[in-house]
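Comments concern the structure below.
Each chain gets a letter, A, B, C and D, in the order it is written, and its residues are counted from 1.
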Amino acid sequence: MQQLVDSLLGPQASVPVWVAYFGAMLAFGGLVVFGFVLPIAGITTWVERRVMGRIQSRIGPNRVGPAGFLQWLADGIKNMLKEDIVPIAADAPLFKLAPYVVMTGFIAAFVAIPFGGPLIIADLNVGILYVTAVTSLVVVGILMAGWSSNNKWSLLGGIRSAAQIVSYEIPAGLSIFPIVMLAGALSMQQIIKAQGAAPWHWFVFENPFTFLAFFIFFVAALAEGNRTPFDLPEAESELVMGFATEYSGMRNLLFFMAEWGNLYVIGAIVTTLFLGGGRLPGGLENAPAIVSIPLQFAVFFLKSYFWVLVAIWLRWTLPRIRVDQMMIMCWKYLVPLAFVNLLGTAAWMVVFPSGLEAMRIALFALAVVLGIAFLIRVRYHLRRAGLRRDELSFNPLAGARVPGLG
Amino acid sequence: MGLGAYLRNIKDAAVTIAEGLAVTASHLVRKPYTVQYPDRLPDGVRVQDTLPFRYRGILEVDLEICTACLACERACPIDCIVIDAEKDKAAGGLVMTRFDIDMAKCMYCGLCSEPCPTGAIHHTPEFEGADYSLESLVRKFVKAPVLAYKPKKGGETDPEIAPVLERGMRYVEEFAVNAEGPSEE
Amino acid sequence: MGLAGFEVEVQRHENGGLATEDMTLSMGPQHPSTHGVLRFVVRADGEVMKEAIPDIGYLHRSIEKIAEKVGWHGFMPYTDRVDYVAAMPCNQGWAMAGERLGNIEVPKRGEYCRVIATEFSRIHSHLLSVGSMAMDIGAYTPFTHAIREREYINDLLEELCGSRLTFHYMRIGGVGWDLPPGWRDKSLAFIKRFEPLVDEFNDLISYNKIYTERLANVAVITPEDAVDFNLVGPNLRGSGIKYDVRKDEPYSVYPELDFDVPVGRGEMGAVGDCFDRYIVRMREMKESCRIIRQCLAQIPSGPVIAKVARNFKPPAGDCYIRLESARGDMGWYVVSDGTSFPYRCKIRTGSFSAISIIQKLSRNLMIADLIAVIASLDLVAPEIDR
Amino acid sequence: MARPERFGRGSRLNANEIHARLRARFGDAIGDLAGARRDNFCATVAPASIADVCRFAKDDPELAFDCLSNLSGVDYPKRGVIEIVYNLYSYRHRHLFALKVGAPRDNPVVPTVSCVWAHADWQEREAFDLLGVTFTDHPDLRRILMPEDWPGHPLRKDFVEPEEYHGISTSRESLLKA
């Protein structure tokens, strides 16, 4: 941010530099929240519903706007107009406050999340630490909601959420450490700068341990975001709607906005830590700001949003794990493995102070091979289903087949 | 739990989850199956037209060919059909003054259309029967007293009734439980 | 201990742990995974249940009383409503009772039509069962895939008998309608398409690690308990007892057909756990496909219904009919007093016996497991309450 | 684990053999063999000894009726009895038999068999609920399908439906009245 303001102001500025910084931050913050965070959360609901529809052989929302694209706005307006019901036995102040706490926890994370290139509200030197800290605020809000609803299902959901988020902070944190060690900094921008533009120069392929750390972090992040297979706090088939059971209208929507917004946060953090952020190859980064900044933004956004899609895809594939299995998975699988990664990365840094290029390329090749094997498996499933040509379509917005049997 | 089992668990989880993801990914390129009833069907198609001939929708009575035999009224297990018919010498036969069906009660079982000798009472493929009051779901077929139909020897000749009867008999053939099907005692 | 006025009296269990108070949860009658209108009064300590007491009767429509009022033919559409998820076997049970009492021989073609329709009904019921089970465990996609295939079966049955759910296909003495023209090819095409999709369903969810972990070793029913509580059908076979009324007490044309009876083998845990009951249903769908194939190949020509008086009056007597419905051995105890109205009809359904075992199973399960148990026993509320 | 000898094909007895075996043990408490087909062979049992008969039928290795397949009550106002029909089935030997107990209509009391088969518990609750048969020593004899405060027992032939239940009308006027 500071760089950007500096470059815009030039060397002879007429206003004190802190005023310029402050103003730029407020403007950029407002722009980010209202121009990016809220729409992205809303649009993600549409994307999720379209993807899920397709996975489930359905169409998904297709009535409001072109291909149903404005469905999220319609839903938002509907929810704002709905009655805001506070149960008579609820602890009203806490009940009303809870969605805002959840919302705060999620929006505050955007302060330190980069958007590619110099675009960041505040490049805190404890950036990643700050993000993990503020996202934990969500658990307070969910627990408040669960308790104040005065409903046993809500309470169970809130308690589950507390246990889940607090536990999964540990493997998530432990998987961030190897990256911090490699980058030698906590600042998000510095972490990105420590990586290269080529895929094998990303931290995920740095060594086998960071490769594993990437998966552990992604799983733990999904758990912190209450996404399937870790959607136990809401667990519709078990707890009705968990902590949000008693909520209606806008307050209910705020919880879900936080959930979908959080998806993007997960994607952005993953991109920053493991996937080289918005780095551009060769000289493109030194191109004029008008070219490089949008490009960097686009690269960063696409990488982040890919992981949003992956999270959606996972959600509509996997069942939900049980609460004790969730704990077993965290403490018996993720935490020990995360420790192994931490120590392994440290050892690797001692043995190969500047990394091992062959290992980077080998890991990248491994990822490519896995991807191709996966695609072959997809083809196998398509073949086995014995579909006719007209039952297939690569158009993401394809309409339905002609009704009728056969 | 030994290390082997520990690693096998991780491997199983990764492989089976990837398998599930491959299945869902393969659905991303399959066309949806949704029939967008009622407003986005292909041009000229009504869902009612795609329903099979045997579809049991809302009941309809062709009074022109109703013989007022009361077989349907007797067959109905929930008594949702009421027919009033009396002999009228002057008119020359049975005169129906009432043929009401309570569609709010009807359970679309088809027991009434089975014994009908002419196919006068039959199920249509129509199923959109929603209305604002229960009373309006009672279908009254007799507007003014009407003479019951009497089958003529040598087939129907009246050009107005013949096509109706033909449709009715087609219906009877399809729905007749069997050629030698249930008969009266 | 502690500050004056803030003494906390810590109660301890005999075993030294902190004493906690049980929580009573009322699960249902409106709950997303009670499959109709069921209620469980759950006594739980946190997430772990001490006991779940089933409370039924919310869907009681007194069908057995109605039977005494509507006559032999008129009751047939009501049997559709006994178990509306698989209505064909209920139709067949009532028709068989009438035929047994009235000494009516059903024509061969009629019997084949019945078996075809019943097996389609079994597939369509099992699809709903496995689909909703996956949904209760938290995976929503398998449910829509199952429902998609179920719609095709509904289309086929709609063409066969004019209705998608409450079929009223069978009559005392046979079936209402012969197979429509072209129906045979459509059915064969469906089966050809459907069988690989069962494998796809298995790949998508059945052997998913999370799913098997959720089901394996949960609520294990021993074969002794299964018989004692009179569990039937897939629930009984899930406990490892190879018993199928179609095979062991053959009726209709089942002796002429070749099919296997899948039993639970304890692949993922103990024999008789939720996974076994689930996988038995998956395998039964394929067996049903086999049966339908054979039937469509072997079906003789001829009438589909015997001559039965419209005012049917079977001689006085009683009979106990057992047949394999989608939820297993369904018992019809029917008494006739020689009039045109049945004297008494008692329907013993699979879900009724299955739900009574839940109280015994529920001890020390987690709340999330109760959902799995309800789904794995394939409880259908209308069938419990009748 | 399923033990094949426990639930496999044993030696199936015919109805005469089953009846003779019960007769030999209980004498006059067992009535004559009735019924003509496999599905309705039955014998009447004196109400007081039904629990013992059932216990014997389950434990006797030759009979081994390990499953209570069905329990139904039938109201016979003309004979003044409520008949309880126990359809027994043996998974071991694959044979089927019915026991019938006639309980006086004005005070139908029958010993419970829920101690013999767990399934009898709910079946007896249902018979109690719908026909008003009291099963002595039943662990939990409550109504099961009808509400706790429902008047009368609906499956009795002389049951008259109340006009109202808690102020809710139980019937709707026909829309087809003239």
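Simple rule for what comes next: contacts are C-beta pairs under 8 Å (C-beta built on N, C-alpha and C of every residue); 3 or more make two chains touch, one makes a residue touch a chain.
Everything numeric here is computed off the predicted structure, so don't read it as measured data.
Shared contact partners of chain B and chain D, listed by label: C. Chain centres were defined as the mean of their Cα atoms; on that basis the chain farthest from chain C turns out to be A.
Taking each chain's centre as the mean of its C-alpha atoms, chain A lies 52 Å from chain B. Chain A and chain C have centres, each the mean of its CA atoms, that are 42 Å apart. Averaged Cα coordinates give chain C a centre that lies 23 Å from the centre of chain D. Centroid to centroid, with C-alpha atoms defining each point, chain A and chain D lie 61 Å apart. Shared interface positions of chain B, i.e. residues touching 2 or more other chains, are given as 9, 17, 19-20, 22-24, 33.
Contact with two or more other chains is made by no residue of chain D. Annotation for chain C: residues touching 2 or more other chains are 141, 148, 200, 203-205, 208, 210. Remark: the chains found to touch one another pair up as A-B, A-C, B-C, B-D, C-D. Of all residues in chain C, only 70-71, 73-78, 80, 141, 148, 151, 158-163, 166, 168, 171, 173-174, 176-177, 180, 200, 203-205, 207-210, 303-305, 307-311 touch chain B in the complex they form.
Looking at the complex, you find that chain D touches chain C at residues 1-3, 6-7, 36-37, 39-40, 66-70, 72-75, 85, 87, 91, 94, 96, 98, 117-119, 121-123, 130, 143-147, 154-155. Put simply, chain D touches chain B in their complex at residues 174-176, 178.
Interface of chain B with chain C (complex): residues 9, 12-13, 16-17, 19-20, 22-24, 33, 51-56, 75-78, 107-111, 114-115, 123, 174-175, 177-185. Those residues of chain B whose C-beta lies close enough to touch chain A in the complex are 6, 9-10, 17-36, 41-42, 45, 47, 50.
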